[in-house]
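Questions regarding the structure given below will be posed in turn.
A, B, C and D label the chains in the order they appear, each numbered from 1.
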Amino acid sequence: MILLIRNSAEKQEKEKLIKLLEDKHFTIHQSEGLHTTVLGLVGDTSSLDIDALKSLDIVEDVKRIQEPYKAANRKFHPKNTVVHVGSLAIGDGHFQVIAGPCSVESEDQIQNIAQSVQASGATLLRGGAFKPRTSPYAFQGLKAEGLELLKKAKDTTGMPIVTEIMSPAHLELFSDVDIIQVGARNMQNFDLLKELGRQPKPILLKRGLANTLEELLTSAEYIMAGGNQNVILCERGIRTFETATRNTLDISAIPMLKKLSHLPVVVDPSHATGNAALVEPMSMAAVAAGADGLIIEVHNNPAAALCDGAQSLRPESFDVLMKKILGLRTYLASGI
Amino acid sequence: MILLIRNSAEKQEKEKLIKLLEDKHFTIHQSEGLHTTVLGLVGDTSSLDIDALKSLDIVEDVKRIQEPYKAANRKFHPKNTVVHVGSLAIGDGHFQVIAGPCSVESEDQIQNIAQSVQASGATLLRGGAFKPRTSPYAFQGLKAEGLELLKKAKDTTGMPIVTEIMSPAHLELFSDVDIIQVGARNMQNFDLLKELGRQPKPILLKRGLANTLEELLTSAEYIMAGGNQNVILCERGIRTFETATRNTLDISAIPMLKKLSHLPVVVDPSHATGNAALVEPMSMAAVAAGADGLIIEVHNNPAAALCDGAQSLRPESFDVLMKKILGLRTYLASGI
Amino acid sequence: MILLIRNSAEKQEKEKLIKLLEDKHFTIHQSEGLHTTVLGLVGDTSSLDIDALKSLDIVEDVKRIQEPYKAANRKFHPKNTVVHVGSLAIGDGHFQVIAGPCSVESEDQIQNIAQSVQASGATLLRGGAFKPRTSPYAFQGLKAEGLELLKKAKDTTGMPIVTEIMSPAHLELFSDVDIIQVGARNMQNFDLLKELGRQPKPILLKRGLANTLEELLTSAEYIMAGGNQNVILCERGIRTFETATRNTLDISAIPMLKKLSHLPVVVDPSHATGNAALVEPMSMAAVAAGADGLIIEVHNNPAAALCDGAQSLRPESFDVLMKKILGLRTYLASGI
Amino acid sequence: MILLIRNSAEKQEKEKLIKLLEDKHFTIHQSEGLHTTVLGLVGDTSSLDIDALKSLDIVEDVKRIQEPYKAANRKFHPKNTVVHVGSLAIGDGHFQVIAGPCSVESEDQIQNIAQSVQASGATLLRGGAFKPRTSPYAFQGLKAEGLELLKKAKDTTGMPIVTEIMSPAHLELFSDVDIIQVGARNMQNFDLLKELGRQPKPILLKRGLANTLEELLTSAEYIMAGGNQNVILCERGIRTFETATRNTLDISAIPMLKKLSHLPVVVDPSHATGNAALVEPMSMAAVAAGADGLIIEVHNNPAAALCDGAQSLRPESFDVLMKKILGLRTYLASGI
């Protein structure tokens, strides 16, 4: 951490601050510039309060050097993490496609889609039971019943299931869920993250709509600091000024997250674009940029979908897409 | 709601859609344009799924006309809401200043600040017990103990207390809290909002960092739909590209929220700017633009504050500020 | 275009407005809703002033249906445009890589890079002569001398040259330039766009840092309305809250621009990411998403580059990248 | 400037870099941290290329300490600048209101408005002759004829005139203009800024829609580096995700710009909000926050305005507003 001290600061004030920091076991290096003195702090600054330091009259600015996350940081964990879900692996070359409807609507629906996406090559089943909806008047999901239906589809197909949690209070209902998903709007619901840090199963953590990669990794850190190292990061589009697409899928987040962290990165092209026609090109782009997996919405009757219909592929389109995705994966792996 | 239908659509498809909508008790008006046909839907569209409609091949676009919130909408509730907290009122000309430290740190600290801000003219006491911190390694607040200390300060001074909740699981600890605050990062924590809709006390709902006013009002609607009409809206700065200030305080949100809604609007200039020197000009601006209240951080020793120190005023500065705020209120009320 | 009229409006006022619009040769369809009346305008609304309409007391809102661009609109020009530069073609399946240094620095430098990127498979040469720099104290480019050096490299290699213009006053210096580039900061420099509409050569139009695709296409329309149909659109990253990358490359802009328009789309992964290590994954992603070309910075000594060094590849890395790009293009074209 | 050097860097590479910097006359301070070495550069870094430094393999990051602007920097010019226009002064306690129509439309129109706003207390006249319009099909202003009409209104009323320039090619037409305005979309049209640096008259520089205050001040620096110190900064709203207002007026820019710079700051509440009803509260807020002036659109027949009608006040409303503004100024100056 670097502190910029105003040269107008009284010597006594500066020495008081240096003493205070040394008492906290930091080593301090000084460097006097034309208009500011630079103090370099050596030591673990992750619990140090930047804002409290900034509030000191003699401090002009504080610049962090160390990333605020450790367990998620590739610097300290150079090897890629592989997250295991049953016999499946995600990360470090292991690629999986998670597919299914936005919302679980009925037993028929989820069973049909599950079998269909499995036949096309998807290896995990997704489906919303608790739905975060902007409006209180919109369909909020089948909740516990939806989880039951997902479990039945898992029993039939053998596919592990991925579904979103919205409150720590629902955790006991999630005992049969294989990967618990944290939605974009809950990326900084810190109490929920803390609870998930105590769970023995993988967490799929979606990036918030206006959050940086550092914030995403610091939220992953909340889960990992609690003891759960099985975090899968998910890029799902960020809010920008663009209105032609629902959000802007940040494909560069894939290589950048892999540079900053060792955790696997999957991409959700459905929510990001809000447009079924864009799911294919964005899936291909994500694979080409090195994603460890995709999470794609598939619906057997998009027009009647109870939510997010605009972004859902029909099973036939998904089947075509899977061939392209797996073909591209094979081509890229061939190292030609 | 307006649906744009491609002119390339088959007549049969169009009629099928119209029938489907009429079955849902909407009246449909058609208007044929050069490249699109416009369908106007008359009826209550708040539970209609825009995305499902957009996903239909024949639909080019869907444009909402009605706001997605009703209870919070001034159109249906033209009179200003007044929220009562004990003998205090907020809204419709009633103005209150909520002041106190970012975090409750000790009994001495909170008692001293409470008495000090009360002497300066603040009427409600704020203080964080459960703190939403980006990093899991940062101070997370004194939690239940912090609530106890706040309660003691309330007993001593008679000031109602305002503090943030982070999880529905903590609700029983909040029985002595007078106004429950929902932080910016939880503005769309819908499960929390639903719980607060069942509480018998006012909720101070902060705008999310990248949320629109419509989204803020739709989150207020979650609380109001549950039966709790005592919602106070709070503008606390939004994320922009500016880095000189922590966030950008959207002063225009004050008159715009008052146009769209009947709920009271208070402003938090401390978190928005992250800079004690900007609290005074932004407080004055908020008052001049018609705010119903301010929520201001005051700390007896900003340098040592455990969090958010950069934005805290010292009690002496707060005292000067209160004189200016109340003077300006008096001047504006005089109608000169 | 759709006008929402308040139901509180006096009948007389509404009829006055309808007459005014009919006098402008629009056909009007009315549809009465619960709280608003919808007026649908049929006719060419591109010169109609939305803001003037919004300012009328009886008008609640105005929603545009037709896109504000015509010449650039795929609706009216369903076939892909192919832009020709000498014997090269861009668009409709024709793919080109434009490569070269950020700034032209010396004859040796530009000749060496030109020959190197040509050997690796690039077909057009880029290089900055007039440089838009945020600070007046930064290197502003070799200007006319830089254009001369580019021309010499074109003479030697036969590669068409692409370089940025910053003022209409420099146009006569650009007579030997094959594609004139408009930088992101000038995307809405309308006087410059008008001049370029009168030029007989292709224009590479970069998307502004905070501009939507509709705005990009409306800026293309400025050029096309002047008579120059040879516009190449360029996605080069938009400003977001992310700081790990310089900007956020919007890969979804590629398929979306191709849906909205018939113009070719090239992608600049160098400026967008500001990070040489990300150029390869983002180039691959752009190709996988259907880009018609790439514009990539290559520098023979990145450390000494006078500007934008962080995003420049060394010639050896560019050579490896070109093999991957062309391999991927071949794979995708094979239709496996 | 601070350079973070990877500890994995070879000693030889590090020493080579230090020598290179010392050759450029910087003094270097080293500070070894756990994972990085910090190099502090002392000297004038304004012409140093951050990106070239970042591109070095051994460099992890570069952090600037000094602001990139000097002439505009309060650090080096602690006293407030006063800009003089004829007998009027702006800045350091001198407050002016600039008023007039969005576009000059006819002699009658501009004469009537000029006399009306003057009677209400405005001291400068604004009016657009060259109009930056997103669409090439929208009204582009009366151009030279508009400037003539403005001049006539100046002759009649004695009010100095303020109008926007869009191209250096038009400069000779601006000889009678008193303050030349640079629009938001041209804030980084560097060739235009350079030309204005050679003009002998004040420049009103509007902040770009997605630009930071540092970028605004660095654009001011372009003008000042050319010799023209008479720059008036203008906050006119920034692009955010909010759609209820056209842009978000950043009131905190007023005190922050005054902290960073000595230049006067005026505020444009009309364009920012795009809503006549918000002009009054935002004008009051701007005054309360310390603005040195306001620039307000007034139109005698908003419904018929050829552009931007939604944000224009009628003369009667402007008259009421002026009374409130001047009353508030008087109240605040009284120091009660």
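As a working rule, a contact is a pair of C-beta atoms (placed from the backbone, for glycine too) under 8 Å apart; a residue touches a chain by one contact, two chains touch by 3 or more.
The UniProt protein names, listed by chain, are A, B, C, D = 3-deoxy-7-phosphoheptulonate synthase.
A quick note: this is a predicted structure, and the numbers were derived from the prediction, not measured.
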Open item on the list: Over the chains that touch one another, what is the least number of steps taking subunit B to subunit D?
Closed with: 1
- [ ] Any chance you could check whether B-C or A-B wins on number of contacting C-beta pairs?
- [x] A-B
Task: Farthest-lying chain, centroid of Cα atoms versus that of subunit B - done: C
Open item on the list: Between subunit B and subunit C, what distance separates the C-alpha centroids? Give it in angstrom.
Closed with: 39
Task: Interchain centroid distance [CA atoms averaged], subunit A/subunit C, Å - done: 31
Task: Centre distance in Å when subunit A and subunit B are each reduced to the mean of their C-alpha atoms - done: 26
Open item on the list: Going by the contact rule already set, what residues in subunit B reach two or more other chains?
Closed with: 210, 239, 241
TODO: Spell out the part of subunit A that touches subunit C in their complex, as residue ranges.
DONE: 210-214, 238, 240-245, 248-256, 259-260, 272-273, 275, 277-278, 281-282, 284-290, 327-328, 331, 336
- [ ] Under the touch definition given earlier, write down the residues of subunit A that touch subunit D in their complex.
- [x] 2, 4, 29-36, 38, 40, 42-44, 61, 63, 65-66, 75, 210, 239, 241
- [ ] Sort out for me which residues of subunit C touch subunit D in the complex.
- [x] 46-47, 49, 51-56, 68-69, 132-139, 166-169, 185-186, 188-192, 194, 209-210, 215, 218, 221-222, 225-226, 239, 274, 276, 302-312
